[in-house]
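Structure first, commentary second.
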Amino acid sequence: MTTEEQVAADAGYRQYAIEEYHPHAEPYYVPTGDEVELFEAAFASKVPVLLKGPTGCGKTRFVEYMAWKLGRPLTVVKGSGAEGSNEALPLVTVACHEDLTASDLVGRYLLEGESTRWIDGPLTRAVKAGAICYLDEVVEARKDTTVLIHPLTDHRRVLPIEKRGQIVEAREGFLLVISYNPGYQSALKDLKHSTRQRFISIEFTHPRKELEAKIIAHESGVAEEIAQDLAKLGEKVRNLREHGLSEGVSTRLLVYVGKLIQRGIPPRRACQVGVVWALTDDLDVQRSIEEVVSSIFE
Amino acid sequence: MTTEEQVAADAGYRQYAIEEYHPHAEPYYVPTGDEVELFEAAFASKVPVLLKGPTGCGKTRFVEYMAWKLGRPLTVVKGSGAEGSNEALPLVTVACHEDLTASDLVGRYLLEGESTRWIDGPLTRAVKAGAICYLDEVVEARKDTTVLIHPLTDHRRVLPIEKRGQIVEAREGFLLVISYNPGYQSALKDLKHSTRQRFISIEFTHPRKELEAKIIAHESGVAEEIAQDLAKLGEKVRNLREHGLSEGVSTRLLVYVGKLIQRGIPPRRACQVGVVWALTDDLDVQRSIEEVVSSIFE
Amino acid sequence: MTTEEQVAADAGYRQYAIEEYHPHAEPYYVPTGDEVELFEAAFASKVPVLLKGPTGCGKTRFVEYMAWKLGRPLTVVKGSGAEGSNEALPLVTVACHEDLTASDLVGRYLLEGESTRWIDGPLTRAVKAGAICYLDEVVEARKDTTVLIHPLTDHRRVLPIEKRGQIVEAREGFLLVISYNPGYQSALKDLKHSTRQRFISIEFTHPRKELEAKIIAHESGVAEEIAQDLAKLGEKVRNLREHGLSEGVSTRLLVYVGKLIQRGIPPRRACQVGVVWALTDDLDVQRSIEEVVSSIFE
Amino acid sequence: MTTEEQVAADAGYRQYAIEEYHPHAEPYYVPTGDEVELFEAAFASKVPVLLKGPTGCGKTRFVEYMAWKLGRPLTVVKGSGAEGSNEALPLVTVACHEDLTASDLVGRYLLEGESTRWIDGPLTRAVKAGAICYLDEVVEARKDTTVLIHPLTDHRRVLPIEKRGQIVEAREGFLLVISYNPGYQSALKDLKHSTRQRFISIEFTHPRKELEAKIIAHESGVAEEIAQDLAKLGEKVRNLREHGLSEGVSTRLLVYVGKLIQRGIPPRRACQVGVVWALTDDLDVQRSIEEVVSSIFE
Amino acid sequence: MTTEEQVAADAGYRQYAIEEYHPHAEPYYVPTGDEVELFEAAFASKVPVLLKGPTGCGKTRFVEYMAWKLGRPLTVVKGSGAEGSNEALPLVTVACHEDLTASDLVGRYLLEGESTRWIDGPLTRAVKAGAICYLDEVVEARKDTTVLIHPLTDHRRVLPIEKRGQIVEAREGFLLVISYNPGYQSALKDLKHSTRQRFISIEFTHPRKELEAKIIAHESGVAEEIAQDLAKLGEKVRNLREHGLSEGVSTRLLVYVGKLIQRGIPPRRACQVGVVWALTDDLDVQRSIEEVVSSIFE
Amino acid sequence: MTTEEQVAADAGYRQYAIEEYHPHAEPYYVPTGDEVELFEAAFASKVPVLLKGPTGCGKTRFVEYMAWKLGRPLTVVKGSGAEGSNEALPLVTVACHEDLTASDLVGRYLLEGESTRWIDGPLTRAVKAGAICYLDEVVEARKDTTVLIHPLTDHRRVLPIEKRGQIVEAREGFLLVISYNPGYQSALKDLKHSTRQRFISIEFTHPRKELEAKIIAHESGVAEEIAQDLAKLGEKVRNLREHGLSEGVSTRLLVYVGKLIQRGIPPRRACQVGVVWALTDDLDVQRSIEEVVSSIFE
């Protein structure tokens, strides 16, 4: 345990090196088709993977689950405190945004005392550790970031670190996974074909009603009947999408509603703050959703 | 007391570490509905909260009140001068703006002597201290800032500090609260669904007339009758909104008018500088408001 | 006297710390209404003030005058050379512009020898010194600057210094005053309501003819008759505004004309360079103003 | 072997100096015409080369092949661990993007201890090492980058390093090769004539069906019959281009499909994730491609 | 003489501190009206001056001439090598452009050894030295630059140096002069009224024919007859302005033509390269000018 | 020879200080008119020169030739290895681009050990060395760059180095030469008149057919007959310009074709990669050029 980790422990919070972070337990994930098999085949063939789908449909959870499932005993750095005890693949997640630069991913020099010190960025850490590297909402990133991943996604599997004049070959186990919400797709923010054609694509949708009820019950602790009502609400709200709702309700929000109900908030009020108001500011659309809520929770 | 705090005391001003700042006394807040219960349920379930509402309707005051109400004895850093004496939750407030970067929230390296020193930003301080972190007008912030809070708002509750190659897990007590004024909402500045669907939403409006009169009287010290007149003025001016007034008058401005009246400024003149001129530069709209003022203060 | 001040004195110029600068003598200001009483009431109630009005109508002079009038014995820093001798409130003026950043106002770190040194910006200096802080043309500033002043303008009266992880409470005497020219107002550069509703507003116009003549005579030294002619010119030129002149002539320019006349330039030539050419490059508008000039100075 | 290379070896990954990187074995490349002879003539005459063609048609592979074919015993830097053992020309590849600056290519100063240290960028490394320098998608780069290569592409063959006040003459063997996808060509991103007329141009297209089947079989390991079906699929999908598909399928994606099939994924499902979903999000276009898939894999 | 000045002298070039630079001899300037008297009156009254006029009409030369004419024995810094020998006012000229920042004018910190060193910018140097500061084409500058000069142009005559927390009062002799070409005037680049109304304006045009001939003869050395022909050419070309020529020919170009003629280039050829081709790339406009040339130089 | 030059020599490449670089031998240049005499007259009169003309017509070569022709024994820095041996004027060439800043031309501070070190930029080097400074495609540069050259192009011949607070007078021999392609001319990128009227202009076109054949034969080594065919091709292709070809073929490309033919590539194939494909991606225009090629090389 380093000094800094000791400080963290004393102060009541925990911190990790990015490439050593992984779920504490098996993530709760119920497959909706053959996505697990597809991912396993791609991982075995070193074929990069693109996950397409709407907000909150479970893409992040799926990647965590696959990191767990594909896990093997880690060759850990000595003294890291995690020797042999972990069965998950290391998973490095980066939420992309329009100011994400190549340096944010690859690394940068820091001045330290009488010399500069190089700090590997999360992508370099994943490449060297043989981790799954998950770039969430990759279309949001700046173009230099997108181009950077090209040599990692073809037969070369290398990462050029131009500021150091180096090229690093990805360690066995490294796989690049990116995600993408076609609902946001615009001329400006589309993935270039020269990037896109480097990935196989798995499309995700919201889980079917029965499956979603199971998830809501598991995550929020509400009774099965309420969970089924909430899943029904989810399905109906998503059908409203052509009535001015740009995106359907996520499973996550339905779980939030369940949690509020568990804490004693009346179901209709919980649906109001967790679905109606959370989804839109448009009064007409709010009214349409309220009606759906009333039809389920009287 | 540090050297710097001593300097401040000598010079006649006070300063605090951001994560130790909290109201000196119970904030004056009168609930308008079940917002207190909703917030308590969300806090207990670790569900992030979005507050929607117009300028000056009391969102900031509400968060201060909740920090006070949810308070518990602080585990204070030794020598901070606040041992055990405070019952409020620490509250870290950040007013967002379009140049707010991820580094402004997370932290940055400073050069110091022979090494660089890392300075935690306000979000990191809140995460480590288990504070309520209130991001005011979050839609104003740059996109990298918005994306940054994603892993703090799902089951992971972690903050990646990429410049240090670290991931920090939020301490017990941490809750993310953001605010948002739907009146400003535009295509460019809307909250993305991938962010929005991570929060339950509580909508705020201006307080009803009786309640507002009570607040004005309490805050400005004017007699109850004048306070009622000012609250009536507020209600009527807000009804003018479709006549070219983009936003109604805030409770804060009505309190200002009360204070000027208390200092001897005639009520109609106080309303002119505190409401008419303060709200708009449009001569026609100014005339409409003047008429409302004249109908109340002859 | 510091080494640097000695260098300045030897070289024939004077320099001050920003928070110690104040007018050398009572500023010449003639009230046009109850603006002095309004400002005194606002100062006593700690209500921030917004001054609205056209270019060169005397807003800056008014603030200087109020700093002088509200003055009290300064608690001076030892060795500053101003012990007890000054009756004005310290006045910190910042001319805002579109590249003004939060760091320009709050402060920044400088590298010095083996450590970094923090330099307080003008706003922080005003907050700590209990000065009047005048942000001229505040709508020009970047949005981060505008947001920065929010916690200084409500009940908290605090300035967060995020780069240092600190919060500073404003010292007794601190008041924020901003100015604004509604003539420049545009969709892009309007003050947001969340900012605007934090200030009472005092509207200024050009002084009436008699008063303006008095000011011109006092400032330029011309005979009263010429001063009255110049004030008449000012009034007539301002009436031309709907004929293509975007802004009327300022009192300042009329004073300049008086000064040129005092130095022997013939009145019509002085009006040409000080009013006609100074106001516009449009030949038609120039001709209209020339005619006004000819009708007064034959 | 340097300390750093030892660390890399211990940790299970490999790293190289940029100018020493080259394919480990002869790249698999089947010529489609006289492109090899053209490149050899250009190399011998020191005439720079522009490769035009769609995404994934083999331009990068061709350059690697030429580096291998034109190879000669390297004059290696002592201690680099590669003495005499390598027959390929060094090949420096830079994937261009819109934030690529001149400094990224030429080099920059780093602070180190008591002095600054200059780090050569990839272009400078190629110039000094006499390497083939391949700037992929050069139109994406910023204009300063484009202009930088001008003196390297005429009779001077020099690289000015303005930050150091130096001019470097390219070593024997240096050749500049750039690539360009005319399909992306837009007014904004077109190559300026003053740049374009410094290169001979070789146009590439997708390989003919028989050749592509051979490549797919070789790279994915699928049986020849399946490879022929996949090549047929490629040809047919490319003919769909006028039906809303902005770019045809790359050979790379067909190889991915082959690999998934080798791992047991049924051919139609493999085509769905590797071609249909990978190429487009448009439901109509997806349906058209699905039909092509069904006509080949029943 | 400093080490650096010695190096310069040895290497065959001369260098000066910005605030010590002034013309080596009386600048050749022939007044066209009362501009000299106006400038003297403004200088005596400390009224800032704006010079309006087209390219190359002599604004810069006029300011140099006034610096010479208003000169007085300099209070020189000891050891500067210029003790008492100079009769010109110091003149600090800054050519403004759209990237000119406030720091470029005011100064900046440089790191030096164990501390940072502040370097005064040209405006600060002028303020401290009591120099005439000439900001050429001031509308081109960034807005922060424009705002910076406000407190120097009213009764305060101070320059705030916010990065140092200082305010400097201008030394006796300081005068701000700006220039402006109304021909370039556009909505985007117009001088704001709050800046413009701080200056008297002197309008300049090209000199009349006789005067211009005198200038051309003096500067180029051509015979008077040729000088008169060139001045006639100037006048005629300026009359072409409505035929597609956006700006008339400057006196400077006519002087260049004279110089080429002095070196033996035939007059019509000299006019072609010095006027026709120099003014425009439009073939029709070139032809019109050629005709004017032919009508004068057969 | 410095250490660094030794390293370069050992590694097989050569490097020079920018201001000491010059052609190794007399550049091959055949005058097309009196351009040599015009340049000599301008150089003798210190009149700056603007070269106008299309891509690849020989402007750069002309400047190199003039530097050679106007040469005189260099006053070389001791130990530079070039004592007395060189007859060319030093020639500093800068290829301008839209990110070229004033600092790139003038110089910048570098941190070095305990102090900062100033590095002169290429323009400052040319000013101090009395070199010809050639700014290629100057309209591409940022505006601050353009303004920077103003005081170097009038009677002052000075370069202000504002970051050092210095003014440098150009050494005897210094001449500023800029180039410009009117074909690219656009509203956004036009040279401002205040810059343009500081230069005489020499217009260049492609050489006539006989002269171009001579150049092609000399530079590529092809037989005279083929060179004449290629020159005929050049002439005909340039006449196609109104058929959709934005710019004619440069002499450089015709030389490339000659070189490919010398290496055994059949003439029509060489014309295809060196002219047809090199000039355009438009299939129709390619076909038109192919026809011209076929009419010459059967």
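Miscellaneous remarks
Letters A, B, C, D, E and F mark the chains in the order given here, with residues in each chain numbered from 1 onward.
Definition applied: contacts are C-beta pairs under 8 Å (C-beta built on N, C-alpha and C of every residue); 3 or more make two chains touch, one makes a residue touch a chain.
Remember, predicted model here, so these are calculated numbers, not experimental data.
Least step count on the touch graph, subunit D to subunit E: 2. By the document's definition of touch, subunit A and subunit B have no common neighbour. In a homomeric contact, the two copies may use the same or different surfaces; for subunit D and subunit F, under half of the interface residue numbers are shared, pointing to different surfaces. For the pair subunit C and subunit E, the CA-based superposition corresponds to a rotation of 60 degrees in steps of 5. Averaged Cα coordinates give subunit A a centre that lies 60 Å from the centre of subunit E.
Centre to centre, using the average C-alpha position, subunit A and subunit D are separated by 30 Å. The set of subunit D residues touching two or more other chains comprises 111, 114.
A ring topology is adopted by the chain contact network, closed into one cycle in which each chain touches exactly two others.
The ring of chains, read from subunit C with the first step to subunit E, runs C, E, F, D, A, B. Interface of subunit E with subunit C (complex): residues 34, 37-38, 40-42, 44-45, 47, 50, 52, 75, 101-102, 109, 111, 114-116, 127-128, 130, 142-144, 146-148, 150-151, 154, 158, 160, 162-172, 182, 185, 192-194, 196-203. Partner subunit F is touched in their complex by these residues of subunit E: 8, 11-19, 21, 55-56, 60, 93-100, 104, 108, 110-114, 119-122, 125, 136-137, 140, 181, 183-184, 246-247, 249-250, 252-253, 256-257, 259-260, 262-265, 269, 273-274, 277-279, 281.
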